[in-house]
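Shared between the two complexes below is chain A, which pairs with chain B and chain C, respectively.
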Partner chain A sequence: MTTEKTISLEINGRFFQAREGMTILDVAKREGIPIPTLCYHEALESVGNCRLCMVEITHPDWKGWKGLVTSCLYPVEEGLQVTTDNKTIWNTRRTILDLLLARCPDSDVIQKLAAEYGVTVTSYRKNDVETKCILCGLCVRVCAAKGANAISSAGRGIEKMIARPFDQPPPDCIGCASCAHICPTGAIEYEDTPEVRKIWGHSFKMVKCESCGRPIMPEKQLEFEAEKSGLDPAYFKTCSVCSQRKSIDTIRSAFDMKAVGLGEPVEVAR
Partner chain B sequence: MTETCIDPNKARKILERYPEGDASGLIHALQDIQAEFGYVAHEAVELLCEHLNVPISKAFSAATFYKAFSLEPKGEVIIRVCTGTACHIRGSRILVDELCAALGIEPGGTTKDLKFTLETVNCVGACAMAPVVSINGKYHGNVQPGSLTKLIQDGK
Partner chain C sequence: MQKTLTITPSRCTSCRTCELACSFKHAGKGGLGIARIRTFMFGEGKNQILTCFQCDEAACVKVCPVEALSRNESTGAIEVNEARCIGCGLCSIACPFGHMNHDGTNGIAVKCDLCGGDEPACAAFCPSRALEYR
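On to the complex of A and B.
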């Protein structure tokens, strides 16, 4: 086993300990120091697309050199001195948000963030194409992490967008809607009824919980999850609430703990 | 997208050259498909993805990222007018306008009979002989307005 090195660094004049390999953002999050992010998600690898998490770094050995880095990517180092908010950082974030507001003038999320930095109307030319997508790439990354790899970016430069391959319902889409849930601006639309989920041009039939009848996930996703995990498909046919209830009953009867309160089941997203 | 059919056996022949399941062949295979069919045909990409075990989304992403690939069938004769800085200063705009008028298409377009495709490119690295026009890969330098009709005829 490798022993993990402990690193000390300074954020906004306070000292913190961190494990080697953590990023500045990891430490800041742990310590409750606010840094705005749009393309970061703890479950996924960071790529540094949105540039909003910029912080300023310097080091006693750097002879006064300091610079802006993306905190979601920059790994902590011994003696690093980080500033998460000053005029330079503020201006940088303001410019980024000004640009994002030009791209997505109708996004409430961007409007709100931009307003925090004093931008209510973009100073750039507004995008003619109606979109809420800021190209952070979270949807593509979560889809890949899921193992479906159904969507990706298409084109480049100002024409870049998140697209369906050959503009058709993606053959690899399993209808999990992870892309829609992770999208920071709500740019990906989907529609749920108890019977079907409509997303990316597909209409997926929903599987219903065998005990309570509530819709769990699309059939195609269930097949995918069963195959990926090697578990019996039947395992997925009970919703999270009912399966917790079942396990609680099993534990109760096994230990004869009828009287012991194990709490009520909670709904878990899958 | 224009509906055209490609010969799947030709596509399979191309793919035989690439080891199965090796995603690193993606760009090369796409180039071969582009060269064989004149465009990156959807059916060919499906075969490619199966062969190299690449998600179709990734292949589509690569095919739309590089200018060298086209998702639409291209003309037999591909005319590329350089509109890089040097060529622009030496009047490439006039050449573009002239070609648009002569062929009845916009830059990026292909004539209905699939004879000509007109494209603009940014600096082909031959600024000394600006303005540059390439016809089916052959470079022509110091192109004068009015001389294009002949060049096109020669390129056929």
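On to the complex of A and C.
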């Protein structure tokens, strides 16, 4: 057993125990205390881009000082007093959502979240460029987690954007579309046909299921996954439905071979 | 010693109670699409139940890019950490037996977790003891 230090802290007047190294958001999620987030994902590194998870913290030793921090990044401290919802926090989140709504007026996710904080029409000038991207960077982080590192954020300030290198189809993109699936606002578009997947300017040839012909994943992704996992590429060439059918067929033929031997264990070939 | 979910096909009547018990236990509602266990009828009392084998060297664990799948050492089952899962679907393609599924609503992986060490609902509800946890 490792001797992990236990830390006790206070959230909304209730006391909780936490392990050292946890963030305030980790504890709140565990205890079911709602904190809105857009750019957080448990499997990926937190970066505090969306700023929605702001909470107010103070400490008995801090002589009344209190401040707003992003709960996804702030590590728990002994005796910390956290408030997850009050007028200041509410106003901060409202401003953030007002700004996000100005950037992405057409995003239904932002519209819905902003409406929860009473913003139905943004008080800022609407973005001229049509986009749903809130620059949270989840796509960049998931791409790094996959090991592809194909996209990145580029530029600063109002020119910041999620970009392909030199605005060309990224050479490292494997076409897995994880970026599109994880995007909280659905800003990344891709097109699937039975033959190709079009994403980030690429047109990837799809591998089809050896049994049913359903497209499974791009050829480039298959090579990448087989090399990364060390598994035989054959593992990725059958869709899950056909794999199950294969298992059933194996059992069925075992049944057929011994017409009565139903009580004996059935060995399923790998 | 770890308990095992044992399947005795000769006792199975393909009543599908296990599928219902599983989906109610895990999703709180009935629905064969979300059940982690399946029964198949080959006619003439030839029935078979399929669920995750909890492989020693599991393909699903090897391919997961975010370590959302891990083995629970106390039960021996491979469990999905739903908060970590990014819904890429790689595990269900890689499983050579087709025992990984995905929740149709959010794409999160679903698989048998042996009910976390309690008696699995499928075994508890099986009326003919075709499924046993022992």
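Quick note on the criterion: the second predicted complex is superposed on the first by the 234 of 270 C-alpha atoms of A that agree within 3 Å, B and C clash if a C-alpha of one lies under 4 Å from a C-alpha of the other, contacts with A are read in each partner's own complex, and residues count from 1 in each chain.
In this section, a residue touches a chain if its C-beta (ideal position, glycine included) is under 8 Å from a C-beta of that chain, and two chains touch if they have at least 3 such contacts.
These numbers come from a predicted model, not from an experiment.
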Touch test for A:R156: chain B only (first), chain C only (second), both, or neither? first
Should A:E225 be classified as contacting the first partner (chain B), the second (chain C), both, or neither? second
Which holds for A:N127: it touches chain B only (first), chain C only (second), both, or neither? neither
Which partner does A:P170 contact after superposing on A: first (chain B), second (chain C), both, neither? first
Where does A:T83 make contact in the superposed view: on chain B (first), on chain C (second), on both, or on neither? neither
Decide which partner touches more residues of chain A, taking chain B and chain C as the two options. C
Quick check for you: in the superposed arrangement, does A:N49 touch first (chain B), second (chain C), both or neither? neither
Show which residues of chain C lie in contact with chain A when the two form their complex. 8-10, 38, 40, 42, 45-46, 48, 50, 53, 59, 62-63, 65-68, 81, 83-88, 90, 92-101, 107
Complex interface listing, chain A residues touching chain B: 140, 143, 149-156, 163, 165-167, 170-172
For chain B, which residues are in contact with chain A within the complex? 1, 42, 45, 55-61, 64-65, 71
Residues of chain A touching chain C in their complex? 29, 41-44, 142, 145-147, 176, 178, 181-182, 216-217, 225, 228-231, 235-236, 238-248, 251-252, 255, 262-263, 266, 268, 270
